[in-house]
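What follows is a single structure, written as structure tokens, with notes after it.
To keep things simple, chains are lettered A, B, C, D and E as they appear, and every chain counts its residues starting from 1.
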Amino acid sequence: MHDLLPHIPESLSSVFGSIAFFMPEVYLAALFIVVMITDLIFGKHSLKLCRIVACAGLVLVMYLDLKQFTLVVDGGHLIFSNMLLLIRSGIFFKLIIDLLSFILLLYFTWDNKLNGHQKGLSDLYSIAIASVFGLHLMVMAVNLLSIYLAIEMVSIASYLMVAYRTENAFSTEAGLKYVLFGAASSAMMLYGISLLYGFSGSLDIIFHHTIEQLSGVNPISTSFAMILILIGIGFKLSFVPIHFWVPDVYQGASTPVTAYLSTVPKIAAFALLINFLSPFMFTGLWTGFNMSIAFSVIGIITMIAGNFAAVLQTNIKRMLAYSSIGHTGFALMAVVVLSLQSVSVLTYYLLVYALANIGALALATYFANETGAEDVEDYRGLGLKYPIASVCFVIILISLTGLPVTAGFTGKLFVFSAVYGVYQQTHNIWLMLLMVTGTLTTVVSLFYYIKIPLNLFLKRKEMAEISNKKSVNLLVLSIFISFILILLGIFPHWVLQSL
Amino acid sequence: MEDFLHAIQSLNYTVAAVALPLLAALVNFCMPVKSKAAGWISTIAILLSCVLSTRVFATVWNNPQVHAQRIWFTIGQTQVYAGILLNNLSVLMLLLVSVIALPVHIYSTAYMKHDDRYSRYFTYLSFFCFSMLALVVVDSLILFYAFWELVGFSSYLLIGFWFTKDKAVQANKKAFIMNRVGDIGLLSAIIVLFAQFHTFDVDTIFGQNGSITQSVIKNGLWTGPVSQIPALWQYIACVGIFLAIAAKSAQFPLHTWLPDAMEGPTSVSALIHAATMVAAGVFLLGRVYPMFTQTELTILACIGCFTAFMAATIALTQNDLKRILAYSTISQLGFMILAMGVGAYASSLFHLATHAFFKCLLFLVAGIVIHQMQHIKDDNNLDIDPQDISNMGGLRKKLPITFVAAVIGALALVGLPLTSGYLSKDGILIQAFEWSDGHNAWFKIIPLMTLLTSWLTAFYVGRLIFKVFFGEFRLLKNNPDVKLHLSDGNWPFTLPLVLLAICCLFPLFSFNPFSYEHSWLFEGLRSSAHSTGEDIYHRLVPISVNVISLLVLFAAYRIYVRESGFTFSQRGYFYRLSYNQWYIDNLYKRIIVNPVLRLGSACFWIDRTVVDGFLHLLARISGAVARLAAWTDEYIVDGFLHLLAAIVQSIGNFARKFQSGKVQYYLFSMLVIVLLLFILKILI
Amino acid sequence: MNILTLLLLVPVLFGLIIMVLPSSVRGSFKYLTLTATLIQLGISIWMYLYFKTGAAYGGINHEDQFQFVQKLPWISLNLGSMGKMQIDYFVGIDGMSISLLVMTSLVLVIATLSSWEIKSNLKGFFLLFLLLDMAVIGVFCALDFFLFYLFYELMLLPLYFLIGMWGGARREYAAIKFFLYTLFGSVFMLLVMVGLYLSVTDPATGNHTFNIIQMMNPANYSGQSIFSIAGHQTILGMPARTVGFVVLFIAFAIKVPVVPLHTWLPDAHVEAPTPVSIILAGILLKIGGYGIIRICLGIFPEVATTGAFWLGLLGVISILYGAFNALAQKDLKRMIAYSSVSHMGFVLLGIASQTAEGVSGAVMQMVSHGFLSTMLFFLVGVLYNRVHDRGINHFRGLGTLMPQYTAFVMIAFFASLGLPGFSAFVAEAFSLTGAFKSPSVNGLLPYWMAVCGSVGILLSAAYFLWTLQRMFFGTESLKGGQVWKIALTDLNLREKLTLAPLALIALALGIMPSLVFDKINDSVLAFVQFLQLK
Amino acid sequence: MITLTDFLVVSAALFCIGLYMTVSKRNAIQILIGIELILNAAILNLVAFGKYDKVNNSGQIFALFAIVLAAATTAVALAIILNVYRRYKTIDPNDINKLRD
Amino acid sequence: MTLVRVLFYFLSFIAIVSALYAASSKNLVRSIFVFFVTLFSLAGLYVLALADFVAVTQVVIYVGGILVLILFAFMLSGKETLNVLQKQEGKFFSMKKLPAILLAAVFFIVLINVLFKADADNLPWVRDAISLKNEITPKDIMIDNIGVNLMTRYLLPFEAISILLLVALIGAAHLSRKEGKA
């Protein structure tokens, strides 16, 4: 007590000082409250209002994110007594996250199934906003406590979103699996954290002396703790072997939620992973297992497992789920060769992937709305009925596969060059294996991506009846996305330059 | 200066002479298929080129060769030229081809009159003339090869002219592919030569002290002025060229296409498969003569000799009029090759010229006969083969002009005095003997066999003539109610015969009907080294040949005329002589005819089963290989792909095995994997 | 406005026009496309006429010797540790490209004409067609590897749909097979491309560059970079440059196609609609050959030299294997497809010989095969449109039924079996000559390869003539009986107008090979010299 | 005096028991209990280590947060489980496998 | 063998045994009630670790909150749930469970191994803490310390978790409320 008293003032001032660097999150919190209250006040009819408020708020938040760039010109800032770290790349991650969530918030109501939910969607909006808040924390967290907190926050929000459509058995089942799996893995993570804390005596992993402390401990013990923590992070990233939940959950959740799950938390998780790993990878003091090799192995296995398993899927969402696993594996490449440059490449890749994935799922929704198509077979011959949507679909899938002239290709290209750059110095065989696997799985991925155009255009089928309700917004969205993808395919530097 | 102008002029004439038929061909191609004008266009064209080539011949013959070329295209550093090379050899051929072609054209106008693809026929014919004429004058091996194949191509077209006849189609395919074998040989030879001498120019390679003469084969290397390659390739080049010759001029073993080629119109056979194209091989041999070494020449001689003998024996037993002639052509070509082999360069070409005339004549005769038979067949629709000589007989009264022409041609073919054939053939025989003196005794076989062959020739020619023109019309005998009105046909039929018949007599070639060495043609072509030796053979050979030939002819007469002739001879006379007759005939039969015939049929059998059989075997083998390849493609190469797909699927299935849908199972497997990884890490 | 860029933009422009036009005027699409291709033809012919020749325009590894060059900075990124990335929009042509370019644009016209047969969903068809058009032209013009790769990959998708949507019965299988095959090749090409770009620095700017011509210069490779010649790096134990070469070669060999990477070709051809098979055979295969010359040999000359024997071997195998397969086919189109395999074998053989004759022969063969295969496939298409059947044994005596058609078929067949006077003859003759010359000149290939190659010529005669005999000669008898007999009308004017130019060109090239040789000669010499210098 | 190791061993035991429950129990709620056990094991660690971290007291505070979070998670999980029960009339996770390959 | 030690062993013994029982029992209700015991004993252990405040929170939130929640949970879900849940098959040791048991066992071995390798009691920082008197002694009261820390150092998590709880609240409410009415 007494030894703390003198410190109170300056620690308080530091706290207040930190708030300046924390504006977006503050506004997010406020936004959350506002949305929640509008929901409470206007009850059932609040949906439109919540939507408007939430989206508008997100725009504001993005603006604030942009403003933060001015704060980090002189390097990063540790705020809230080392809880969070605000750096340039982090701001980018936040921006991307906000942008995507903005799109997703718009997208929620366009899905007929989700929209048909009796209890209304307004709660979903408040949950989503809260999760965005959590994501922001995730991006910035550098303290074991904040990390754990952020992850839990996002997880809980996600559980709720997945299980949101209570009247739908699939959604509920997905929710159950998700929550059980998630709770278990986060519990493991907590155990790992406790061990790590125990071994290092501090929660601030970002600090040099923390790692020093660890280096004093038997590597086996520290690596065990590390592995347990990685389980927790991996659960958000969904790399092998913590990916089992993904297909079921993605399939079960309503499509916009799937779009959400498969993109934003993943991006944040990557940011978190980078923040978490960099002290271990850069200060040469980490005595545990070799991170880069470990992640190479994980990456290779993940790519293979994801892409190869996707080949045999028939349900669109399930297929995309597997493919997203594959993409995680691919993105892990950039983590293996962690460096400032690779971070920006990774950011680009994730952005592109996320856009494409959202587009794909949006189109899945579109076709589901129009014709109730869920499986690939249901798409037979739709291509000529819905030419625009189908063309967009093709473009988006091409981008996911990573063929020119789409952003997906440039993303792959840059990741490869990042890895190559390191390979030239180190001649680390794992990197070569990573790249080879990456290319191989690209071919494999075509196997299943091509199924969709195949059914859309190549298969013939006399048309079934067509629902008259046209989801134009989705069409616009997908057109927009595919346009962006092509644009980035031709002029990647427009984005990548700034990253 | 004078010469230079002449040269220019003759060059222009040559070009014109070559181009005219092509022009005709093009014009005809654009004509409606039935138009009768086509015939005249081609005929006039060939007439003109005939005149022109005569002029050229006149200016160039026995004068220094004219050679002009301009650059065709450049490839790498090598510049490929296209040009014209006029020397005795080429102008002779030029003249020969055009002169032979003219009557054939005239003849064709009548012969093909009723065909409903009349203008096509003349298109092809003119095209052939073009390529043949070009072939003989070009100076670059590439061009030579080009026209070499074009000649084959046009013959392909003409053989298969009646392409609805399956046999015709089979025949022309066979012809083309067999020729292709030769072409490949030629091509590889040309490539070898190019690789060795870095040029395609005939003159620089084979001309006076050309590269060939400067290059030597020493210790396994063929060293030329510019580069050297393993000597093996010199042999391969020669083999290639030999293949080409064998294919074009139907030498053993690539000769079997020629008899089949008789499916084409007879006029075509006359021009292409008797006179000109088949001679191209010999011409080629003449062009590249310097590159053959002694041993290679000897081999050539043997092959030529064998071919000649074999073909002659086969001709003995044939009943198809045109086939007989075809085989005789083969055997005559054999003579020429043999001549080349034994170094009788001049005689060979001499024989080429003479043979062209009389064989063409004979074919035209055959054409008329067949034409008439065809008429009979059509008029009182019989089921007979119009070409089968066993149906004919006694036509000499009905077709007098034809008969005379035929006899002249036949005599020339047999090589009796006063005919051109006598000059050339005896030349060959004599020189063959002279040559064999230079070698050990075994080589005597060659001239002797040649001698024998020429007697056989006499026999089958006799058989042909007697069966067709003497005796009585067997067809009439078998079915008496046929009404026949036979005639030589109008002038387009007869005129060519007359022309050619005249050309078959000695004056055209030499004023001394008994000495080939005095014929201008021989003198123009023989190498300066050649000595006009007055040795025993100059007496012996002609006598032996002619005397025995006459005997043989007589024998043939006895057999084929008198045997069937007793019906119209008086009884008494018949009884008196019957005994001897029987005796003589039997004698002939037992001693000459039967063995000969047996031999003939044996050879024919070999020809059909062994040689052709071998070819068919090849075809079958390649077919089998093809099927094998297809199978490989379908099952092995593609199978590999499917295997890959299967692997992908199985990996995918493995990954999916975990997706049992049971969350605890997920957790369990997750933990197990993590644990295993960790333990692994500890152990490593 | 650079003329090459113009050439590239024309299809895009017309594509846009077609895109905005309503489907009600779908009748006009084919004419629009035809106009586009005709304009392109005009442009390329103009370029051909104004294409300067002479040692100063050899091209290959001299950037200043290329013509109609346009070079715009496109992507330039600072990749931190890996220096700056420099990607240019860099187009230009030398002798290797020009002839192929002209050939391409003509073939495209023909393909358009032949796409009159397309009835369904015209808008999509012609859009894809024009996209493909742009891509193939681009491949021949691009001098920046990135750009090249872009166009190269851009071809896949339109083709996939063109085959898959307008194709025959097993079109899906064929389309996917084609797509996966070629993609398999190209993704690995991507890896090598990245490696190259990281190894090569532009001496002028010091940036990493994708410039192909820079890649040809060993001096531009930084010391310890993966593909540096001096470095002798290894990838997974194998010498890096060899690996790079092999990977690139496989990528292009699939396109060529070289046995045993060829099985996509017959399926694709058989299933594809006529215009597409025309483009496939006429242009796509050439892209393979072109790539091997420009990229594989250009960037890895020394590996190419050491591996020349294997290239030659593959070439010979392709020649013979393809020919034998053709001999065994029962489907006319399949037979022709396999014949393409055989003919493209000559290209590989010629290239492998690394002699002036061989390379010129190879290029000539590409051009000539471009025209001839176009003609062949068009002819097949004619027959197929009449009766929707291609079985060789289902027809007999077509000669009487369709004389003009038969005439053209004979021209095409004899031209492609190497009858002198037609382009194929010169091409094959010189590929073989080169192959035969190489032992004495640079000792890369053994003699026997040339001989085996010439056997291929013989076989080609065999299968073409056999087909001719079976289908066109003899007394007519058709599987379809009377119905077919009515359906099998002779060529109409459009078809004649399409075929005649092809036949004439094949003839012209045969009689005046200089049309091609004059243009390519300098480049070929420069190329051969470059290969000798390494 | 109680050593750290003693605490750690106990927590390890609890951890493993929790693990066992999570993977073996045929009942969602019991699985939840298992998870809680694991959490408690972790908390025990934190607390035990926190003993030596007097100034910033991270261990104990983390423990507090952990408990609260556990509560939240459990609440959500239970809500979901209830829903599952409504749909499937069972809460045995193994019987709830409509979503699978 | 001080009293503390005895107490520790006693509590930990209870904790583990009860946990085992909870794990083994086929009856849900029983296992829940046994879990009470575990939690209580754990709270005791916390006290022994000188974290009295945590112990209190444990009792309040866990025992008072979570477990009651759980109980309510299936009470709410109606009588029939009980019947369903009563008849859980299987003894503690059944073939079905073998893999799980093995897994747990192996984990335990590994963990013990890890812990002993780590040799927790003389970790450098622990030794420093002892030397620097940065070790909580039974004498000093941590409550206010905790309070200050929560308000300064750990302010952010403290605030953030409030949002988290709100979300959980909203979500749980949304999920468990009946369809139709808002």
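Going forward, a residue touches a chain if its C-beta (ideal position, glycine included) is under 8 Å from a C-beta of that chain, and two chains touch if they have at least 3 such contacts.
Bear in mind that the values here come from a model prediction, so they are computed numbers and not experimental data.
Chains that touch both chain C and chain E are the following: A, B.
By number of C-beta pairs in contact, the leading pair of chains is D-E.
Of all chains, the one whose Cα centroid sits at the greatest distance from that of chain D is B. Of all chains, B has its CA centroid at the greatest distance from the CA centroid of chain E.
Overall, the chain located most centrally, as judged by its C-alpha mean against the mean of all protein C-alpha atoms, is C. Per-chain Cα centroids separate chain B from chain C by 40 Å. Put simply, the C-alpha centre of chain A and that of chain E have 31 angstrom between them.
Our note on geometry: chain B versus chain E, Cα centroid distance of 106 Å, whole angstroms. Spacing of chain C relative to chain D, judged by their CA centroids, is 65 angstrom.
Residues of chain E in contact with at least two other chains: 100, 103, 107, 110-111, 115, 119-120, 125-126, 129, 140, 145, 149, 153-154, 157, 161, 164, 168, 171-172, 175. In chain D, the positions touching at least two other chains are 4, 8, 15, 18-19, 22-25, 31-32, 34, 43, 48, 52-53, 55, 59, 61, 65, 69, 72-73, 76, 79-81, 83, 86, 93, 96-101.
Residue positions of chain C touching 2 or more other chains: there are none. Applying the touch definition to every pair of chains gives A-B, A-C, A-D, A-E, B-C, B-D, B-E, D-E. Interface residues of chain A facing chain C in the complex, by the touch rule stated above, are 339-341, 384, 387, 394, 398, 403-405, 409, 412-414, 416-418, 420-421, 423-424, 427, 429, 432, 435-436, 439-440, 442-443, 446-447, 450, 453-454, 457-459, 491-493, 496-497. Note for the complex: chain C touches chain A at residues 75-82, 85, 121, 124, 149-150, 153-154, 156-157, 160-161, 164-165, 171-172, 175-176, 179-180, 183-184, 187-188, 190-191, 194-195, 197-199, 224-226, 233, 235-236.
Residues 668, 671-672, 675, 678-679 of chain B are the ones that touch chain E when the two sit in their complex. The part of chain B that touches chain D in the complex is made up of residues 656, 659-665, 667-668, 671.
Against chain A, in their complex, chain D makes its touches with residues 4, 8, 11, 15, 18, 22, 28, 31-32, 34-35, 38-39, 41-43, 45-46, 48-49, 52-53, 55, 58-59, 61-62, 65-66, 69, 72-73, 76-77, 79-81, 83-84, 86-88, 93, 96-101.
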